[in-house]
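Alright, structures below, take your time with them.
In what comes next, chain A is part of two complexes: it sits with chain B in the first one and with chain C in the second one.
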Partner chain A sequence: MEYEIVIGMETHVEQNTASKMFCQCSAEFFGAEPNTHVCPTCLAMPGALPVINRRAVENAMMIGLALNCKIARHTFWERKSYWYPDLPKGYQITQYEYPIAYDGYIDIDVRDSASGNWTEQSYRKRVRIRRAHLEEDTGKLTHIGGSSFVDFNRAGVPLIEIVTEPDIHTADEAYAFLSALRDIVRYLGVSSGDMEKGAMRGEPNMSLRPIGTEPFGTKVEIKNLNSLRAVRDSIEYEVKRQTEVLNSGGKVHQVTMGWDDARGVTVTQRDKEEAHDYRYFPEPDLPPLDVSEEWFESVRKRVPELALSRQDRFTQTYGLSAYDAVVLTRDRAVAEYFEIAMGGIPARAKAAANWITGELFRLMGSAGVSAGINAVKASPAQLAELIEMVENKVVNINTAKSVFEEMFATGQGAKAIVDAKGLAQISDTSALDKAVQDALDANPGQLKGYLAGQDKLFQFFVGQVMKATKGKGNPQIVQGLLKDAIEKRRLSV
Partner chain B sequence: MARLTVEEVDHIALLARLTLSDEEKGLYAQQLSAILDYAAELADIDVEGIPPTATVLAVHNILRQDDIAGVSIARDDALKNAPRTDGASFEVQATFDNKDQ
Partner chain C sequence: MTLCTLTIQQAREGLRAGQFSSVEMTREFLARIHELNPVLNAFITINDVEALAQAQAADERIARGEDTPLLGVPIAIKDVLSTRGLRTTAGSRILENYTPTWDATSVARLRAAGAVFLGKTNLDEFAMGSSTENSGYGVTHNPWDQTRVPGGSSGGSAAAVAADLCCAALGTDTGGSVRQPAALCGVIGLKNTYGRVSRYGLIAYGSSLDSIGVLAKTPRDAAIVLSVMGGRDPLDSTSVDTPVPDFAVAMNGSVAGMRVGVPSEYFIEGTQADVTTAVRAGIEQLRQMGATVKEISLPNTRVALPVYYLIAPAEASANLARFDGVRYGLRVPGEDLIDTYSRTRGAGFGAEVKRRIMLGTYALSAGYYDAYYIRAQKVRTLIKQEFERAFEEVDIIAAPVSPTTAFKIGEKVDDPIQMYLADVFTLPCNLAGICGISVPCGFDAAGLPIGLQLLGRAFDEAAILRAADAYQRETSWHKKRAGDRA
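Entry: the complex of A and B
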């Protein structure tokens, strides 16, 4: 039988605030010594009271807006009670009845899974967002032998949980969804979105149903996914596993599966024997939140144009290829660098794109610039100046490349380097004609050969002239002068 | 009149991680039932037309800036309440990391 896959995604995004959600401990937990960023509040000492981190709330509002959600104008906090050693209070402060953001959607581009390119099979689709709410993270458990070791540095770090409607139907769509979400949180600057470090954790809830039928099949949740690839691979594995179970007349059990990345299989995590009984109730230690029109507007203004919208603008208005548009928009800082370098001139877009994805990325790679394009010494305005000098034939493209290397290394402007090193192209015909005549005089043998029909010797003469002018000769003018001079000599032979 | 069953007491005891004797279960079934009855008196109040409320506090929007203050305490102090420790972490009986969030 053929089955349709139905997937809803639950994603936890770890915010990159300086401090925790409800106390002023550092929220930096990755790599910190265990239990060094803890205080009476996040350790749940009696009498300690939480105070809400404004930035964490605003980050959640920005994510909501970027996901086209409605923003709750009134919300409050609730306690979700459960017992686990990584949860010091015995409850998690979260939002249940009134999430800060709800009823939104995200458009995703589902590309070829092997190449990541847009192909004939690629398509854009909309995934509805049910809700996005704020909550606090738990501590981290490490299991050694018969013991578990608890580190509370992560306890209380602000999280945003994003829940989709069951609109995802393939592993590639799940991949595209998480990839788009990661781009968005990075654009907004609210999280590193780094799945390898657990800063974004996607958990698919998936089921199969015979094609054409309405009722959902039994839901299986997949956890322990530390990369986009793991999300795709684990879903593909589960589809195969569940299809085999169903086709052999068996039943899929409602369980949580853990992904074993090394072996490429899902493993049943211990079934929970007890039913969930979270006993949500309003958090008495925290006052409710009212989002005024003024506050809402001030946050809305900080939401930048997002990657997908920029991609569309770069292809439609600037005529870039889909590939270039994706590469240039993945990182907001790169997109902004590009827009300054091309200066809003569509005719200059392709050149600016080539400089950035070619020379600049190459230099960044070999110099090991890991801090991103903002750390590059050559400013986008300086690149614009260089592009203009190439357009105006002040320098040829090869000279421009070495000028750019200098700009990259020193942060000096293009014109300053060209002037200081006397690199400006020679377009003055009288100066070039002397070099042309010299080259012909000095190489009578080659001239004879060319006149006898060895056409490729023409490039030899071009090379001689370029050498004599230290590479500064305008190549078009040099070629024109050479042709004229040779023809004159042919007649005089 | 609420009458909690022994099974319900068992469930509540599990959520609170308490081990109860049979005698205690019987006793708590009675006591918890009495507490529920007392709280159930609220059901007699007419709340027609009154919106649900999550708080009785008169304040709202108490927020702070996202900055780090010297609130973190020394690790040795933090670990003073640990049942067991290796000097860096709270050590507890092994759990399986499969809970829901």
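Entry: the complex of A and C
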């Protein structure tokens, strides 16, 4: 039998705020010694109280807006009670009844899974967002030998949990959804979106149902996915497994599966969902959260144009190729660099795209610039200056490339480098004409040969003139002058 | 007896004038505590070394001409408030070995004002109780009659003030825990408006009801302490950003023209007759002093008790989840994680705490939440509105604090409902989040003190302090000391 796959995605995004959700502790804990980013509040010492991190709320609102959600103007915090050693208070402060954002959607481009390219089979689809709410992260348990250790550095770091409607139907769509979501949180600057570091954790819950039928099949949840690839692989694996079970007349059990990345298989983690009663109730230590119109507006203004919209604009308005548009918009800083470098002039878009995806990325790669384009010394305004100099034939393209290398290394402006090194092209015909006449005078044999039909000797003369001008001769002018001079001599012979 | 009977006001005057030093005063208190605590058990931890160091430092500051509101004044602190470097047990065995590294905001403000901390006073475990019998460290005895309870949960603080073991003491009041022991011990007990004093560092029982108050010898002393510790604290989001008047000034004046409401629901059958008589006489006294007395009705008073016993335990059930033996306090290792939790909490918590955790867990459970917790919250809103309406017609409300005077130790321990009824007149104030004070207004046939409760509008502590102070100027009940009895 043929089955339809139904997937809903629950994603936890860890925010990159400076401090934790409810205390002043630094939230930048990655790689820190265990239990060094802690205080009475995030350790739940007796009597300690939470205080809201406004920035974390704003980040959640921004994500909600980027996901086309409605933003709740009145919400409150709730306690979700359960026992675990990594949960210091014995409850998590979260939003249950009124999430900060709800009823949204995200458009995703589902590309070729192998190449990542847009192909004939690629398509764009909409995934509805049910809700996005704020909560705090837990600590981290490590088991060594017979002992367990707990590190509370992560406890209280702000999280946003994003829940979709069951609109995802293939592993590739799940992949596309998460990568689009990752791009969005990076664009907003609210999270590194790094799945490998646990800053984004996607948990698909999926079921199979015979095509054409309505009721959902039994839901299986997959956890422990540390990369986009793992999300795709685990879903593909589960589809195969569940199809086999169903086709052999068996039943899929409601379980939580863990993905074993090394072996490429899912393993049952929890047999049957225990009937948890989290005993939610409003958090008495925090006043309800009211989002004023002014606050909402100030946050809304901070939401930038997102990658997908920029992509469309770059292809439609600037005439860039789909490939260039994707490469230039994946990173918000690159997209912004590009737009400054092209200076809003569509005719310059292709040139700016070539400079960035070609020279700049090559130089960044060989210089090992890992901090991204913002760390590059050459500013986009300086690149714009260089592009203009090429357009105006002040420098030729080869000279421009060496000028750009200098800009990249020193951060000096294009014009400053060209002036200092005297690299400007000689376009003054009288100066060039002298060099042309000299070249013809000095090489009568070659001239005779050219006039006799050896066309390739023309380049010899171009080379002679460029040599005499130390490479600064405007090649087009040099060629024109040469042609004229040779024709004159042909007539005078 | 000498320095131990002084009020804060008198102590400050004497210290400022150089009549005695804070070290002298502190030594006298410590000596008295060591003498009487074996009998009264008012203190769980006595802070000998640090107290003398604080007194020494205060004397040096006084010598330099410094003058802060509590400079050199010996104070006791209920052991449910976090004190830096000083063991804080919450009256529970689960925190027997817990010494905080940080001060509660209220404590920090007292410290900054120059107070000397004599020690941590006994209480019902996690402030759950009305007799101090639920303490993991033994019952506190009432200084007026050692066979009787001091009330609770701030029984240690009330007994310490009554027995002159400190100038004043901090208490906490979730359902009457400052006012009721104050009444039973014959001292002043001020319960502040919810949000007036930061709860940061108060080991939570019922977070939406907990408030920090003062047990003192005079209303004026209570006012001095409130002025020091009141006011918005960025560490407590429920603390309110409203001006803190200098209460010692704001309370000046008389009760002439003050409208005093007397709710009929607070004068009910089952109340000890001489309590009703004394309270009625107290109200009559206010009338004679120029107040207008008006009968009012607060019909929801009768449901305050069940509402309280749904909301407070519900909050407590989550608040006490942190005591899991993982990060601090008692840990009793078990076979596995769940077993460790069970053994730790089983051994660390007393019976009443377990009872309330179970009550609260039940009230929050799926299927019961709407019927219990949500309904209780709705009724709580009605109670609050009822007070707001009443305060449109009257300035303060006068009533008994407790239906009985101090009862015998052991008398009610086997009957939780009887014990809960001890708070029937004090709970509504917490549910409404308003302020209240207990003032000595007489003695019963057995010579045990009786308290008059004055309730005020939210953030209008000045009104009840003014009335209490005026009342004490005209009466002498408060002049009789527990020590005089013997």
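Assume the second predicted complex is superposed on the first by the 435 of 493 C-alpha atoms of A that agree within 3 Å, B and C clash if a C-alpha of one lies under 4 Å from a C-alpha of the other, contacts with A are read in each partner's own complex, and residues count from 1 in each chain.
As a convention for this text, a contact is a pair of C-beta atoms (placed from the backbone, for glycine too) under 8 Å apart; a residue touches a chain by one contact, two chains touch by 3 or more.
Keep in mind it's a predicted model, so treat the numbers as computed, not measured.
J.: With the two structures laid over each other on chain A, which partner does A:46 touch: chain B (first), chain C (second), both, or neither?
T.: Only chain C; A:46 stays clear of chain B.
J.: Kindly classify A:81 by the partners it touches after superposition: chain B alone (first), chain C alone (second), both, or neither?
T.: both
J.: Going by the contact rule set out at the top, does A:486 touch chain B (first), chain C (second), both, or neither?
T.: A:486 sits against neither chain B nor chain C.
J.: Who does A:289 touch here: chain B (first), chain C (second), both, or neither?
T.: In the superposition, A:289 touches chain B alone.
J.: Could you say whether A:150 touches chain B, chain C, both of them, or neither, answering first, second, both or neither?
T.: both
J.: Answer with first, second, both or neither: which of chain B and chain C does A:37 touch in the superposed model?
T.: first
J.: Please work out whether A:12 is in contact with chain B alone, chain C alone, both, or neither, and reply first, second, both or neither.
T.: In the superposition, A:12 contacts chain B only.
J.: Counting touched residues of chain A, say whether chain B or chain C comes out ahead.
T.: After superposing on chain A, more of chain A is contacted by B.
J.: If we overlay the two complexes on their shared chain A, which of chain B and chain C does A:277 touch? Say first, second, both or neither.
T.: In the superposed model, A:277 contacts both chain B and chain C.
J.: Could you pull out which residues of chain A sit against chain B in one structure and against chain C in the other?
T.: Of chain A, residues 40, 43, 51-52, 81, 83, 85, 150, 277, 279, 284, 286-287 contact chain B in one complex and chain C in the other.
J.: Which residues, counting only chain A, touch chain B once they are in their complex?
T.: Checking each residue of chain A against chain B gives 12, 17-19, 23-26, 33-41, 43, 51-57, 76, 81-85, 92, 138, 141-143, 145-152, 161, 223, 256, 258, 269-270, 272, 274, 276-277, 279, 282, 284, 286-290.
J.: Flag every residue of chain B that touches chain A in the complex, lowest number first.
T.: 11, 14-17, 54-55, 57, 59-69, 71-73, 75, 78-79, 81, 84, 86, 88-101
J.: Which residues of chain C touch chain A in their complex?
T.: 81-82, 88, 90, 95, 98, 100-102, 104, 199-204, 206-208, 234-238, 314-315, 317-318, 320-324, 326-328, 337-338, 341, 361, 364-366, 369, 373
J.: Chain C touches which residues of chain A in the complex?
T.: 40, 43-52, 79, 81, 83, 85, 88-91, 150, 277, 279-281, 284-287
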